[in-house]
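The next block holds one structure in the form of structure tokens; read it before the comments.
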Amino acid sequence: MLEARLSQTLLLKKIVDALKEIIAQGTLDCSDNGLELQSMDNSHVSLVALSLASDCFEKFHCDRNVSLGLDLKSLGKVLKCANSDDAVTIKAVDRPEKITLSFESDGKERTADYELKLLNLDQDHMEIPKKDYTCYIQLPSSEFARICRDMSMFDESLTIACSSKGIRFSAKGDLGTANIQLNAGTAMDVSIEVQEPVTQSFAGRYLNTFTKATPLADRVKLYLSEERPLLVEYPIEDYGHIRYYLAPKVNEPDF
Amino acid sequence: MLEARLSQTLLLKKIVDALKEIIAQGTLDCSDNGLELQSMDNSHVSLVALSLASDCFEKFHCDRNVSLGLDLKSLGKVLKCANSDDAVTIKAVDRPEKITLSFESDGKERTADYELKLLNLDQDHMEIPKKDYTCYIQLPSSEFARICRDMSMFDESLTIACSSKGIRFSAKGDLGTANIQLNAGTAMDVSIEVQEPVTQSFAGRYLNTFTKATPLADRVKLYLSEERPLLVEYPIEDYGHIRYYLAPKVNEPDF
Amino acid sequence: MLEARLSQTLLLKKIVDALKEIIAQGTLDCSDNGLELQSMDNSHVSLVALSLASDCFEKFHCDRNVSLGLDLKSLGKVLKCANSDDAVTIKAVDRPEKITLSFESDGKERTADYELKLLNLDQDHMEIPKKDYTCYIQLPSSEFARICRDMSMFDESLTIACSSKGIRFSAKGDLGTANIQLNAGTAMDVSIEVQEPVTQSFAGRYLNTFTKATPLADRVKLYLSEERPLLVEYPIEDYGHIRYYLAPKVNEPDF
């Protein structure tokens, strides 16, 4: 059985908000080490992977591995009912048909229990090869979210060009062209490590859904290599991360 | 004729906001004692009753009883045009065809007058028997509003179970089940008086419209007895109240 | 060529927000003196005129007159991408086919360039006779916006009556009648200069679009004369203004 208690519901809210726009349903794999979830997005283009170590929890007990098929929209609805500073306990028996979420206010004057039915989902866990990337960028997550949003007004395709001079985001459409250049610096705290310059184009609407994870982390990490999927990583404090993978577009834009 | 002056329009705004979602039109009965309005809701299921003593007004003059058939949506529109801290004077002649609302800013630099046509409404004033109830609960009105909203995500029916141990709100639907338990205590200031425990189910959407009165009062009073309509009361300072009555559902839920 | 630099994008945002609801496209005439734009609104009823002196700019260079046919909705989208406190530089070559807007954050850590295609617009510059008006009113722009909004709930036509006693705004419709009276005074800082009293009616929906300019100026100036277009002027600091002209309705209302 699983019993996991977080002192603040807020973290769980942020995680589910980050996932529920991109995957409707997903299987949460629970083990003694913590929680993992991996899934292709609804249109089977990008991949999302959550990892949350057991240390993240005030109390964590999982004596036998258990897989929970979750409807993330439903889970999001339940979490809307909780105060952000309520403590939350997630419970499931072995071979579970439902999951229980219990919320407690400080002082336990108010307690709320929700039971959600679990889903039977096909699982195809992909092995993600952990290769090196030739460009590694860190920037404020809010800045990345804003760039993705602004660029998507111009075109559905967003080009990221990374060199030792800086990162350039570009889009070109009927409205005109847009170029945003970020340089490594202190005010915005952008850091860039480049072994080889990379220029790749991506479908902006996936990048936009990735940025639903913005509240999880002040800073986002981008990893790029020529002809390899972009990795967008939002760290969850020291306890884990949400990672999004998106393959580049094949046709290079004519910039 | 009627002439009633409130020093702050805000109170009138809150009252009309509490009523206008549940009744489209209503007859305001004005007498020397103050104002009364009683009406079934638009779908003739619940009953709403407003009572406002003449003491509530800075100035109140009503030498002959007068009944004003009001369109509450129109009245709400006029009130949107007023500043919350304007003084407002309501005027109507005997046998009136219209009502006048006059708003004055502090210093009278800005005055605004609105005339609204009155409606000829059938009136069937019900006598509400003032019986005793076996459960009497007081809780923060915002907490009650939130519970009604949260529960309505699960099912259209909301069960309230009241015992000396506390109040339990429950709903069960396709999404799963939800239980919220409030215990008497100091932090949230919930008070419960129980002569006999009661468990009854109600249509959540009516409860949700009742909670439009939340801004009127910090605390709401619930009165329950077995097989009698629930009474939800929002006091208006020491001057009156809005009361909502809703009959329980006949079929008990299978909790 | 034109090169004009504003230290704050905010002013340009406010100007474009004031124009883009009322004119879809317009020609910006650039000369050594500054920028001018004049256009009938989309339905060819009212006239809008922008004037912005070169002094308004941190840097202004225009060695040859140039006319820029702008799509204001597109320009508004680009401006949404900029921080309000970014510096912005507008550039166009002689006989231009596009306009470039460059935004720089403080410290230049972030730079963004947008190119917008220009439009070939017919231009019919009207000479606006600068006659005297018999009534001249100054009032808070937010108060004027609110009155226009409130009145439009009652009727599509808004009557402005100006006398030495004050200004009265009136509307009469199915809902009832509305009258708002402003008196010259200190709290709200309304000033009224009247040579001859004027009463004229105007189409409220145009007045409502004029009030999109409210963020540009704390105070708005109204100029009225019998049977002449109303002039609504929003000053842009000491550097210029946006002026709106609207002809009165021919049929007097039956107040």
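Which chain is which? They are A, B and C, in the order written, and residues in each are numbered from 1.
One rule holds for everything that comes next: a contact is a pair of C-beta atoms (placed from the backbone, for glycine too) under 8 Å apart; a residue touches a chain by one contact, two chains touch by 3 or more.
In this text the structure is predicted, and so the values were computed from the model without any measurement.
J.: Answer with same or different: of all residue numbers used at the interface between chain B and chain C, are over half used by both copies?
T.: The interface is built from different residue numbers on each side, given that under half of them are used by both copies.
J.: Determine how many degrees of rotation, between 0 and 180 and to the nearest 5, align the Cα atoms of chain A with the equivalent atoms in chain B.
T.: Result for this pair is 120 degrees.
J.: Where the centres are mean C-alpha positions, what is the separation of chain B from chain C, in Å?
T.: That gives a centre separation of 44 Å.
J.: By the touch rule stated above, which residues of chain B touch at least two different other chains?
T.: In chain B, no residue touches two or more other chains.
J.: Mind listing the chain A positions that touch chain C in their complex?
T.: Listed in rising order, the residues are 143, 150, 153, 175-183, 185, 187-188, 190.
J.: Spell out the residues on chain A that touch chain B in their complex, using ranges where they run on.
T.: Listed in rising order, the residues are 74, 77-78, 80-81, 98, 105-117.
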